[in-house]
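Two complexes come next, and they have one chain in common, chain A, joined by chain B in the first and chain C in the second.
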Partner chain A sequence: MDFPFMVQTLPRLVAPLGLTIGVSLVSLLLATILGVVLGLLRVICPVNNPLGWLIDGYVELVRGTPIIIQIYAVHFLLPPLLGSKLPLFWEGVCALTLNSVGYQIEIVRAAVQSIPQGQWEAARSIGMTNRIILCRILLPQAARQMIPPLTNELSNLVKASSVLSVVALFELHKAGSSIASSSFKFVEMLALQAILYFALIQTLSWGTGYLEHHVFRYGRKPSSFGTEAWGIRA
Partner chain B sequence: MLRRKAALTLGGSLLALTLALLGGGIPGSAQTDNSLQKVMDAGKFTYGLEAQYRPFEFRDENNQIVGYDIDLANEIAKRWGVKAEPVDTDWATVIQTLYNGGFDLILGGMTATEARYERVNFSIPYMDASSGLLIKADSGIQDRQDLGGKVVAAGAGTPSVQQLEITAKELGIQYNGEIRTFDNDAIAYEAMKAGRIDAYASSLVSLNDFAQQNEGFAVIPFKSEQWAAEYTTAAFRKEDEALRQKFNETLLALKADGTLDALQEKWFGRTFGSLPEAPPTW
Partner chain C sequence: MVANKNREQDPPAQKPSPEPGLPWLRIEHLHKFYGSLAAVIDVNLQVNRGQQVVIVGASGSGKSTLLRCINYLETPSRGQIWLDGDPIGQHPIQTASGMVWQADTPNQLARKRRQIGMVFQGFNLFAHLNALDNIAIGPHRVLGRPQAQCREQARALLAKVHLDRHADHYPSQLSGGEQQRVAIARALAMDPKLILFDEPTSALDPRLTHEVLQVMQELAEEGLTMVVVTHEIHFARRFADWVVYMEQGQIVETGAAGDVLNRPQQAQTQRFLSYVMG
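Coming up: the complex of A and B.
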């Protein structure tokens, strides 16, 4: 392994790394908004409603096809549909968002449905409207539940962005392989990419960990009832 | 009956829609050819390549795309009074992207082949694309005949794959396992360094470039009467004849005044004088 080469090459990967971060975070933001909206719709949708079928069908479609096919589909089918070409960055955002929404619908649905039914009933019995129940009771609790699976989804998204190299978006992986083929330092470039992806995902996980423990800390269960009882006795 | 007919109509329109979507780039017969005019009006032409093919196109220390093809494109653009802009793309889908309007032409070290000719028209050759075999210098392989019992490989979707198949049949030899294919040369070089393959078939010039920069490798010619001489050409959409004619005229002028020789000297360290002056057809 040629370590000096890896260090020298680092500056060439800064801009591509920025692109990877940009495309992943913008996609995550858009996908989370869409995922919350569609996931809630899915939860409040009555059984056997066509809207529910559509959402379910979409989730199955995304889960059942490889991301590389989804990326090619956006790359080759979107321009004739739109009548013009999106810049590559936005094409990437489109592909990753469409993919991630499919998973986030399920994350939101599971989180909201994990709030005990009794809370709905209790809230309704004291006269709260559906909107208030959703905004004040269910979503704040579901939001906290959603953070760990969303962290998973974020790391998946960052790694999936490497597949955008097949449509020649000059992100981290594309830049890494370009440099590998002009310098013939293939293993070094793979190692460097692995380190950068790892560091990026670690940083983002610390961020979501902070959200979980500091911003959404309400409704946090005591770590164990036993210790509390012990505290009282002592 | 009615339901069935309705289903057929729906199926028909879905099919038509799919065809329309997929066929967005298939040439319409009644179109007028304004391909050259469009380039002149825009003041630039774009050309597709994958910047992972030394020395034709690769990225320099500033991530800029450089190489033989880039110099050639700039020279042609200069003579037309326009700008030339490379578009880095995925080589496996380069022809599809050409028809999707991703760029005006392909200028990326493409070898003219019969299969590709079904989709695109070629320019006159601007480089020799003869095949070579990369081997370890101490492997004892001296000729095609010695490939029997060895692990052989080639780039996915390149003519070298067929040439390896032809070689096995022609000489009655058997390789060790199937012919391996790799997405690009860099991965294959690494596989060879790791001892996973014994011989790698690709274009002679790109293999030479690698062997010159890396110790312990050698390149031998890979030739047979069974396949035609191979040339590197630019590729155009079937309907873009005006653009192709103009490109060919300029290329002939570059050959005549020695500019092409100078570019070959710069990037390959030698010239390839006797290239045919007619576009390859089948």
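Coming up: the complex of A and C.
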């Protein structure tokens, strides 16, 4: 392994890494907003309601098809639909968002449904409407439950962004591959990408761990398992 | 009853009191079926304003279901409930063919539920809010009052349930007895016309039970209308004006607390009380 080459190449990967972070975080933000809205709609949707079928169908579609096909689908189907071509960055955001929403709907649904029935009943008994119950009682509690699966989803999203290289978005993987094919240092470039993805995801999951154990604690003692793993003091 | 008297009133609270003699809470021919299982059968019950009614009976006798039907946490299969002249869960509408009853929409029901507090066996405090905000969130979010005012009122209510020093504690940091007293304060914050208690002490040890019962006794002395499902027979004797004994979904015996608990007339009531009294 040519370590000096790896160190020398690092600066050339900064901008592509930035693009990877940008496309992932913007997608995550949009997908979380859509996922929360659709997930909550799914929870309050009566059985056998067409809206429920639509949401379920979407989830199955996303789960049942490979991300690479979803990316190509956005690449080839979106321009004729919109009548113009999106910038590559936003095309990537669209593909990743559409993919991630499918998973996040299920994350939100599962988290809200895991809140004990007694919380609904207590909220109803003081005259809260469904909207207040969802926004003020269930969602704040579900938020904490959602963090671990959302961290999974975040890491999947960051890694899935590497597939955007197939539509020539110059993100980390595309940049790494192009340097590799011009310098023939394939192993070095793959190792370097692995290190950068790993470091990025570690940083992000440290952040979500902080959210889980500090922001959404609600007076619970942090479990020693979780805090020690994150190196966080109570 | 509640500390802050000069705040804006709910429309329902402004309604004139019913004619004297009309009961505050009226339950007529209430039935609740789960498939072929009849949980509550033809219950008729009247509660006057300021009265404390205790419902006793074995587990599965339908007393909790009856209580949960009063604020429509369970939808009754048949029958009508009136509180202060207001029908709960349905409303009359005028049609071409005369007056018919129509089920309340979820928002109409939510509006009526504000007048009926409920205290649960499992406390059900909002886990993400501290004691103060558990109490303040109802008036703030449901009645739209300013948050500072609601918190001030919540502080007064915490003092009333002897928990003034626990305002910042989250439910997970409170004992069961403390949680239940916060839950009582949460119900009081809506200034309800009636509070339902569903086995409020069944999850508590004797000392914590005592704390909660003491608060309930104080509220009764202030004239709060309460319907209580409990297994605490000794407490019921001191506390209740009226006692209802239920078995298999039906009211078997009802009367003044002293009569039903000390001199039960029905064989079923006598048998049940002999188990409780030992």
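Quick note on the criterion: the second predicted complex is superposed on the first by the 219 of 234 C-alpha atoms of A that agree within 3 Å, B and C clash if a C-alpha of one lies under 4 Å from a C-alpha of the other, contacts with A are read in each partner's own complex, and residues count from 1 in each chain.
Note that a residue touches a chain if its C-beta (ideal position, glycine included) is under 8 Å from a C-beta of that chain, and two chains touch if they have at least 3 such contacts.
Given the structure is predicted, the values throughout are model-derived calculations rather than measurements.
Colleague: A:W206 in the overlay: touching chain B, chain C, both, or neither? Say first, second, both or neither.
Modeller: neither
Colleague: What is the contact status of A:R12 with respect to chain B (first) and chain C (second): first, second, both, or neither?
Modeller: So A:R12 only meets chain B here.
Colleague: If you stack the two complexes on chain A, which partner ends up touching A:S178: first (chain B), second (chain C), both, or neither?
Modeller: first
Colleague: Looking at A:F198, would you say it contacts chain B, chain C, both, or neither? Reply first, second, both or neither.
Modeller: neither
Colleague: In the superposed arrangement, which partner chain does A:I126 touch: chain B (first), chain C (second), both, or neither?
Modeller: Touch partner of A:I126: chain C, not chain B.
Colleague: Have a look at where A:F3 lands relative to chain B and chain C in the superposition and call it first, second, both or neither.
Modeller: Neither partner.
Colleague: Contact residues on chain A for chain B in the complex?
Modeller: Where chain A meets chain B, its residues are 12, 15-16, 72, 76-77, 79-81, 85, 165-168, 170, 174-175, 177-182, 184, 186-187.
Colleague: Mind pulling up the chain B residues that touch chain A in the complex?
Modeller: 20-21, 24, 50-54, 58-63, 87-90, 92-93, 96, 100-102, 184-187, 189-190, 210, 213-214
Colleague: Help me check something: in the complex, which residues belonging to chain A touch chain C?
Modeller: Within the complex, chain A contacts chain C at residues 116, 118-119, 121-130, 132, 136-137, 140-141, 144, 216, 218-220.
Colleague: Using the touch definition up top, name the residues of chain C that touch chain A in the complex.
Modeller: Chain C residues touching chain A: 71, 73, 106-107, 110-118, 120, 122-130, 137-138, 141-142, 169-173, 183, 186-187, 189-190.
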